[in-house]
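What follows is a group of structures, each given as structure tokens.
Each of the two complexes below includes subunit A, the first together with subunit B, the second together with subunit C.
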Partner chain A sequence: MNAEPILFIAFGALALIGAVAVIGFKNPVYSAIALIVTFFAQAGLFILLGAHFVAAVQVIVYAGAIMVLFLFVIMLLNLGSVDVDRPKAGIAKGAAVILGIVFALEGVYIAVNASKGTAVARVKRESAVGGGSISAMQLKELNKIQATYQLTRDEIDTEYVPKVAAADKTVEDLTADEARTLIQTLQGEMGKTERIGTVLFSKFLLPFEVTSLILLAALIGVIALVKREEPKEVS
Partner chain B sequence: MELPLHVLIISSLIKILIVVHVLLIGVMAMILAERKVSGWIQDRHGPNRVGPWGILQPIADGIKFFLKEDLIPDHVDKPIYVLAPAILLVPALIICAVVPFGSSITVAGYEIPLQIADINIGILYVLAITSLGVYGVVLGAWASNNKYSLLGGLRSSAQMISYELTLGLAIIGVLMLSGSLSLREIAIAQGANIWNWNFLIHLPAFLAFTTAAFAETNRLPFDLAEAEQELVAGYHTEYSSMKFAMYFMAEYMNMIVGSAVAVTLFLGGWHLFGLENLGGPFWSGVISIAIFSAKTALFLFVFIWVRWTLPRFRYDQLMNLGWKFLLPVALTSIVVTAIVWIGTQSKLLVGVCNVVAASVVVAIVASTLAMRREPEQIERQEPSFMKGSSSGRT
Partner chain C sequence: MTVPVINWHMLMPELVIVLTFVIVMVFDLFKSIRKSILAWVTIIGSAIALWASVEMLHAGVNGSQFNGMLAVDRFSMFFKIIFLVSTILVSLISINYLDRGDKRQGEYYVLILLATLGMMLMASGNELIVVFLGLELMSLSLYVLAGYFRSVQVSSEAGMKYLLLGAFASGFFLYGIALIYGGAGTTSIPEIASVLEDGEKSPLMLAGMFLLIVGFGFKVALVPFHQWAPDVYEGAPTTIAAFISAGPKAAGFAAFLRIFTSALESLQPEWIVVIVILAALTMTVGNVIATAQSNIKRMLAYSSVAHAGYVLVALAAANKDGISSAMLYLLVYCVMNIGAFAAVILATTEDGENLKISDYAGLGFRKPLLALFLSIMLVSLAGFPPTAGFVGKFYVFRSAVDAGHIWLVVIAAINTAISAFYYLRVVVVMYMQEPDEELEYHAYPGLLVFTLLLATIGVVLIGVLPSYFLGPAQISTQFF
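And then the complex of A and B:
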């Protein structure tokens, strides 16, 4: 019994409906709620991908914090239903149509290529042809995972290989089927918080710190803009 | 320990049914307990007319709610008005999915963990779902189309966002020592003995967490969102009948779930001096549930106790407490725990250093605030509008 496709369709449909509803509703509060639904559905999709940490952060940061502030502002400004003036001008409409067509074509292109383009599909195809032992493509995939997540080959051999094959085997001894399961296991395992932390504070330390500096700068900027001077005493 | 699929599904369904019903009955018990304890604190009897010692009072209350007219005022935004109480109630219910309410119980040869779902991001899930609770309050307030409701909703959202930060940061020290986000692992890491439990090791963080939990549940002394002397009833002014009851239930359910999470994180979960291991594979499970329930009940009593003891904060006091005291204390706790734990690997030292550091931070903040208050008071003796009006008249 595989529930994954059903869940994917459910969450995907919910995300799309929510996204359309955001621009469909005239009342900004309803739009904000639709956006929350979309964020939630996205979190569901992240969980299906094995990225539990990202899913939780998605809900905490976007659905839980940012959208509350959106609602806060909408409610404070007390916006009623807004009638948007639809642009009559030719240029804007023409550009919208062209961009829409380009976007739709992109979607079709991705949908057509999705089934053959992904790494998982490539590995699957490879192993279906290869049969016997682990293929070059699978080894390449494993090396990629190993490099991204700062694993050593020893760790894979001792920790993860016993989960899919006999304990005394190493990566090179695996059959193609076992290697496929191993890659799937690793990809699932790597979404875990511990691994994200390890990678974030080793391989991506500099980008991580730079991002925090940018956020700090934004924070200071906002305070500087908002904080008014104390009114000077008029004697 | 992998269970066969059919056992997993059946046991999960049973656990979900039991937990949800225990929560609902717990709400009734809490309503009675609140009224009884408040009576005791105020030296009066409390409800004693319905049933012996008034124990049927919650049922009478429930029947009253059902029989009242379900009034939907004309001026409200109907879809959101109807949806809002449910938005508050559902998060309160689904948080309990990850709370381990006991060790494990062996039934018919299968060892069943006493937790609905042990997910590896347990505590993050709790924080994520907690952060959604605010929508029920804010949307209900907005949909009521009433300025008192809206004021209550705005107060509540500002308050919940402010205290959510403390709630999240206070947990991090606990996570560092247990090395896991799973609530079950955190409970197991604390072990059986009271001196290893997190509330001693992270005393300042525990106090900050508890205070933030009070604020998150909109309870006195943080009930500015429904301050009846100022805002009629705040965000649920326009609600009646079962919709009001849902807000009421959500508040108590949040208290119960919040207490259960606090017990898991700080009070050792189902552990108590090895008592939870007595009596074989079946009875040890039952005992562990009893210990967990007793600890949660103790925590809930503190909730009620505080409500009937402390007066409400003023809004600026609330924000000062959240941002200038609790947040720095929680941040200090993270830094101190990390440094001392890496340096010494000693839980005793972590506990001592945490308390010392928190006292220093509170002292610094308090003295800074005290120094800054003086010019304000001088100004307040002659407010500017009085100056303006007097000069206008002359």
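And then the complex of A and C:
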């Protein structure tokens, strides 16, 4: 039996419970611990998507480093349980509930119809017909993977095609079923650290560099806000 | 692995800005250097970048860099010119303003430059991820700048409010990008357009589109996502209020225009309805509430909300004329709005900022030059000929009429009449009312007057010779 749906529901439920608990607890330390649960569950979801590297980073950076920082700050500030003024029932609360329900229904509608008309859905539909040779849609999808992950057609032919079909075949001779497995294999491979590194320094070089600027801006901003001010009169 | 080939010439404006902020950071370390030097470095750097952008616009660049992530086209160059003009004007008015109190000037200019860089990336981003990163770079810098005067409580409050609501809006924006990626399988703007062209409309794409509208709505302060604007404009340092009202709004619209008229062009029947409703709401609510304000910064905040509505009217036209008139309008709006804020700074007294409109009584006799400049800005904001405000509105309305949105233009025209009421009220107070008490004004700082003079020349020049500015906008509507 396929364990993936069960794991997905388990991790998804855990993430949701953790998230609700974060805002539910009155004691900030409990909230922080609940947040760790959510982070771990998210890491599980990333693994299910084949993004192993992101999952590991999620655990190390978020569940690890950042949460330690959170707990440290909470303990340094010595916060007890905080009394939050819960808003009284009013027009605002009623409107929020109604809008929340509408939003949830929209979410359900989208989730049910999510695959309609998307590129992924078309690939699936065409390959579901089975038999026959590789479809134009699948070729397009392969080209996209190739472009995104900076692979050459030769690399796919020699490294990945043998995993799904006879070794002497090339992409063009694959059957539709084999092509589907190939696409899945490739998508699975791509979560690996080496590939992510390659992609970050080639195709996504600009976003990568801009991220460093954002961190710099945050750093300078924090310094500007906490630096000791020379005494002066307030205007 | 193929390392991207980078054509450094095409990245001139961005590179100059990066270099400038590094120089400002290093100069800030030397105690012996006068702090106003930092402002001049910022201004000179921005001016060089501005010159590069103008040159590239003239040369008709049309290409992309970093594997198609960054579009280097005339559309982005036109917007870069708007941002850099705003940065230069804001830096000019900051020199005297900061000398009045705060000593931390290095970070101030570095953050302004980083925000400018973020805006340039938003205008150039040909990939939703780059647009988002540009948006974050800009927003992060602005959150800090809004709360820059820590010892002033309203300033901290402004920074906090802006941060919380801005982060919330970024969440919407990012979720929208995620859904669009789920639908199209790509985040590249041209690729999304081609996926949408030969496919049916998936609910994922539609939901993503609406979330993007909400995200942009927050960033450019459209009704009903405008609540943060008055509080932030009122609390933030006045120079920063001028900056937030000008460049970032233009940057938001740059990305808005590129994404909606290029990537999501096939979904036009769906989004145009939303845009038309938002435009009508934004103009009406912004202008009506502005009439009730007694604080001039809050009045300008609501007026800037209303002006975003006029730009949406151009977006609703959704054709080349609409895009070029929106671009011209944003240029005009940035110049006149910064001018108006500069006049507000000039009108402050020794014992604090007098921001009540009633404080302006009699200004026309006691400070005739200042009153004249402020009047020209306000008349332009209201949209009277022969100022730039009239030209901007004229082309926006014409493009919307041509596209068949007659009733939307009727609403816009009624709104223009409402706005004339509160802009001209200030002029009336300045020239026709006697002051209750004698106020001690700051002496005229030369730089502020110079900036106001620049803005006034700009406003009149665009008003008299609109074709010199509309022309470049019209040839810049082609996206790479």
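Note that the second predicted complex is superposed on the first by the 197 of 235 C-alpha atoms of A that agree within 3 Å, B and C clash if a C-alpha of one lies under 4 Å from a C-alpha of the other, contacts with A are read in each partner's own complex, and residues count from 1 in each chain.
What we mean here is this: a residue touches a chain if its C-beta (ideal position, glycine included) is under 8 Å from a C-beta of that chain, and two chains touch if they have at least 3 such contacts.
What you see is a predicted model, and the numbers here were worked out from it, not measured in a lab.
Asks: Examine A:Ala136 and indicate which partner it touches, taking first as subunit B and second as subunit C; both and neither are also allowed.
Replies: Neither subunit B nor subunit C is touched by A:Ala136.
Asks: Now for A:Val59: first (subunit B), second (subunit C), both, or neither, which partner does it touch?
Replies: first
Asks: What is the contact status of A:Gly221 with respect to subunit B (first) and subunit C (second): first, second, both, or neither?
Replies: A:Gly221: touches subunit C, not subunit B.
Asks: Based on the superposed arrangement, let me know which partner A:Lys192 touches: subunit B (first), subunit C (second), both, or neither?
Replies: A:Lys192 sits against subunit B, while subunit C stays out of touch.
Asks: Of subunit B and subunit C, which one touches more residues of subunit A?
Replies: Between subunit B and subunit C, C touches the greater number of residues in subunit A.
Asks: Classify the contacts of A:Glu106 with the two partner chains as first (subunit B alone), second (subunit C alone), both, or neither.
Replies: Only subunit C; A:Glu106 stays clear of subunit B.
Asks: Report for A:Thr211: first if it touches subunit B alone, second if subunit C alone, otherwise both or neither.
Replies: Touch partner of A:Thr211: subunit C, not subunit B.
Asks: Please identify the positions on subunit A that touch both subunit B and subunit C, taking each partner from its own complex.
Replies: none
Asks: If you look only at subunit B, which of its residues touch subunit A in the complex?
Replies: 5, 77, 80, 119-121, 124-125, 127-132, 134-135, 138-139, 141-142, 150, 153-154, 157-158, 160-161, 164, 168, 181
Asks: Going by the contact rule set out above, which residues of subunit A touch subunit C in the complex?
Replies: The contact residues of subunit A facing subunit C are 106, 109-110, 113-122, 141, 144, 150, 198, 201-207, 210-211, 213-214, 216-218, 220-225, 227, 229-230, 232-235.
Asks: In their complex, what parts of subunit A are in touch with subunit B?
Replies: Spelled out, the residues of subunit A in touch with subunit B are 1, 29-30, 33, 36, 43, 52-53, 55-57, 59-60, 63-65, 68-69, 71-72, 75-76, 192-193.
Asks: Which of the residues in subunit C end up touching subunit A in this complex?
Replies: Spelled out, the residues of subunit C in touch with subunit A are 1-4, 18, 25, 65-67, 69-70, 100-104, 107-108, 110-111, 114, 117-118, 121, 127, 129-130, 133-134, 136-137, 140-141, 143-144, 147-148, 150-152, 179, 182-186, 195, 199-205, 207, 352-353.
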